[in-house]
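Chain nomenclature is as follows: A, B and C, assigned in order of appearance, with residue numbering initiated at 1 for each chain independently.
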Amino acid sequence: MYGLAMIKGLMVTLKNLTRKPFTIQYPEERAKQHPRFRGEEFVWYEERCTGCASCAKYCPLGIIKIETSPSGTMIPEGGKYRLEVFDIELQRCMFCGLCVEACPYDALFMGSGFEQGQYSRKNMVITIDQLRNAEKHPSTWYRPQLEGYEGEADSFRRRPTISQGDSRFSYDPRGGPPLGWREVGRESWRWHQHEKAGMRFEQDNEGTDTRGEGPDPSVRKDDEAA
Amino acid sequence: MTIRTEPMTVNVGPQHPSTHGVFRVRITFDGEDIVEVEPVFGYLHRGTEKLAEERNYVQVVTLTDRLDYTSSMINNQAYCLAVEKLLGVEPPPRAKYLRTLTAELQRIASHLIAVGFFVQELGAFGTPLMYGFRSRERILELFEMLCGARITVSYMRPGGVFADAPRDFWPALNRFLDDFAEEFVEMEQLLLENEILMVRTRGVSPIPPEIAINNSVSGPVLRASGVNWDWRKQEPYDAYDQVEFDVPIGSNWDNYDRFWVRFQEVHQSIRIIKQCIAQIEPGPVRLDLPLVLRPEAGREAYGRVEASKGELAFYLVSDGGISPYRCKIRSPSLINLTVIEHLLVGWKLADMIVSLGSIDINMGEVDR
Amino acid sequence: MSCQLASDSILYANGIYRVVYEIVGVVLPCWVAYAIAGLVFAFILVNAVLLGAAAITWGERRLLGRFQNRVGPNRWGPFGLFQPIADLVKLLTKEDLRPDGSDRVVFSLVPVLMVAPLILMTAVLPFAKNTALASLNVGVLYILAVSSITSVAIFMAGWSSNNRYAMFGAARAVAVLISYEIPVVLSLLGVVMVAASMSLGTIVEAQALPFFLVQPLAFFVFMAGMSAELNRSPFDVAEAESEIIAGYHTEYSGVRFALIQAAEFGGVGVVAAITATLFLGGWSGPWSEYLGWLWFLIKTGIIVFLFIWFRATYPRLRIDQIMAFSWKFLLPLAMVNLIAVTLEVFLLRGDDGVLTVTDLAIMGVVNLAVTVIAIAVFGNLIKERVSFRTRQPQNVVVPGVSTIEVI
């Protein structure tokens, strides 16, 4: 009959009137963020970075600028460069994460924050000091060692319990503590044949860290004959 | 006394709330009837094909996200298919199932936008649009769980998928399928039988099948014109030969049928997703390809998929270097636009926006 | 000197007016008191309409949000109550544009002409027992006459804008408005016949049973007709999104636009008030001597909610379908209602000319049956015969590709 489906439509709208709104009142409430979220910041662990500039080469937009100089550390073992400049231009970055994918040493991680708006264009470039001093909440994107699960996983609306592989602690990018370079673990990159001294992350079964302390990268050693 | 009337040329400009993106049409009216149509596009041209020649094969995946930005997963899938044909490799089975699953999720999301904006242009002031967006929000949360981004996903790589789904993805997917089934049935109740909608879209702008085929139309528009052609059935790729689904065909070729076909395709997508969840097996998700790919010189490949808007295809020519020598994108929205004259000429002003909405173009694809 | 209102004055029964008159009349001459009392009441009415328009904009945005499963504006003030003030301030601070070739006087006169009829219409509405500014005994006729000024105002808006698209939109709007006057008038004739008077106060008192139960068909035709008169969905071809042509108020900005919007939303309020008076029983309800105004407001609110509900649910009709709806559907329905009510009133009215509650109830039941049958019959007649070529979907044979059986 003419008009019956229109009344059905009215009922549908009325039913939605009584439903709780789907809106999330930002900034008082925030949507739940999954650990793999590619945020607008970067987390860089200088202790692992060798200055290979794979991230800069792999960036589709070419926004990473790396300037290195020979640092003279661990040269026979194929050591690391000293980084002078490590700029990432946030204003052109599309947060695709290919730089993170390219890093062979798991030194660069995507961050998990997204409120990085600045008032001037100069502040949109992340410099090496900002990268060193930032609070490190890496996202688990392309870093499967940060995603381990134990027990039953909860629904995605609540924060999942993430523990690192051997369940030493649980990790949540937004709410959890910042991670240092020893805690982020490393997924060995299968192309990388030579393990660099100081870069290997080995564990024996009790979970103690057998890696030796690498030299302090911020100290420039005078060049000595190797 | 005879009254002399003149045809009036109106510019439905690039800035317009009802065209799908920056699309400009110059229409000549005689009173209320449309006499002539001239589309002008290119306002969103970003030089994707040229940029692809400067980037290596994996970096181009990030470019393909931004073609039809409402259905990024499917764009990725088309490109990865083309690169795999170029290299002559096949992704592992789990990757195929994951690709099929995410492509169908993305198809649902894209059709929700198409249907929502179709009804918005009819004047329903956004209520069905908001319901569609509420469901789409859940799909985008699933994508965030999978690959960290909601719209520009870059999920797939040549050789598979970039990483496996996290373990809490599967319960979330099941929860989504339950919630969405209810919400979608509600949207159908609101829209499919609505008399005002039927009165405004039935019999308006029909495209007969001969004209659709002659104009290389593809996708839901072609199927609404009565032609039984779906690339997922004709040339199955990924896991589409392992799942069963139907292809909805319209019989009246008009606006309402194009709208109806999209609704039915969402149902079929839900069916495919359920079968993928049941059939997927543990295994590797990515082939062990180098990060920088170098296909042999002189090879070319044409990889096509059934995107949410039609046949999306990439034609890649390699010269042995790290970038494609030529990357040509066959975008469905651009080719579907060739039928615009047949769609609009002879119909009234009030039907124009609705008909344009029913063929569901996306300017990211048209202009690339 | 104190002045007393003559007891046969039409303003005598109006409590507020009399009180102000007598208070002012103590110190000022009677004719001044007369004017001041009138001005006070009129001031109250004007403010009621304008503030009501603001409140309805707030209500509409919040309600539409809730219908769409989201929240409306909620940042300014608790529950977003100051949002209309924010909108008003924004509109006031805009530049006052006037298109170059436009007719200066007509262009500036239009917003005033759109708001004025609404305020004039509230003059006869009884808000509580015996509280109407002017309880005319031709109240219904007055309302219908005054509401027709709106069509002239819209046409003036389109014409004076010197913009062919605005003219186009205005011409459509005027066609719609004129077409929908007739079913509205005919449906109101039924109401007048049952109440045996055109005075709104008498109509309210005659509603021992609210008239929407007694004449559902008249209620339906009136609501549909008034939706079109107010240019609201599903008949809003003249309003905001008129496809490519932005409608008759394209060239208006700033205060003028604010007044046009006030006219639009104030119209919703005033028409809701009129509907509440004519069909829902106005101020009647328990304790109506003290709470009559509250019942009136509640009933107006219900009708406003109905208007917003329709806007949230239905898409727009095309202009030729709007005309068809009016002439081929609403007009026959209104006539059917008129015939039915005439017969019932003739047969049921007692010798003293009074219709009792039982009579009204009988009329209600009969009219309900008439409504259902009439809508079914005329609905079928109006259904557009679209030629559905139901062909079988064909398997297109493409040379070189094998066809696959699907479905």
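Throughout what follows, a residue touches a chain if its C-beta (ideal position, glycine included) is under 8 Å from a C-beta of that chain, and two chains touch if they have at least 3 such contacts.
Remember, it's a predicted structure, so these values are computed and weren't measured experimentally.
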- More Cb-Cb contact pairs, comparing A-B against A-C, go to A-B
- Task: Would you identify the chain whose Cα-based centre sits farthest away from the centre of chain B?
- Result: C
- Query: When the C-alpha atoms of chain B and chain C are each averaged to a single point, how far apart are the two points in Å?
  - Reply: 43
- Return the distance between the CA-based centres of chain A and chain B, expressed in whole Å. 32
- Item | Centre-of-Cα separation between chain C and chain A, whole angstrom | 59
- Specify, in ascending order, the residues of chain B that touch 2 or more different other chains. 127, 131, 134, 190, 194, 196
- Task: Return the residues of chain A touching two or more other chains; collapse runs of consecutive numbers into ranges.
- Result: 2-3, 6, 9, 12-13, 16, 22
- Contacts with two or more other chains occur in chain C at residues 67-70, 312-314
- Residues of chain B touching chain A in their complex? 55, 58-59, 62-63, 127, 131, 134, 137, 141-142, 144-149, 152, 154, 162-164, 166-169, 171-172, 175, 186, 189-191, 193-196, 288, 290-291
- Footprint of chain B on chain C - complex, ascending: 64, 67-70, 164-165, 233-234, 236, 241, 243-244, 311-319, 321, 384, 386-396, 401, 403-404, 406-407
- Contact residues on chain A for chain B in the complex? 2-3, 5-6, 8-9, 12-13, 15-16, 22, 31, 33-38, 58, 60, 94-98, 101-102, 110, 139, 141-142, 144, 147, 149, 153-157, 160, 190-191
- Counting only contacts in the complex, chain A reaches chain C at residues 1-3, 6, 9-10, 12-14, 16-17, 19, 21-23, 25
- Within their complex, chain C touches chain A through residues 63, 65-71, 74, 309-310, 312-314, 375-376, 379-380, 382-383
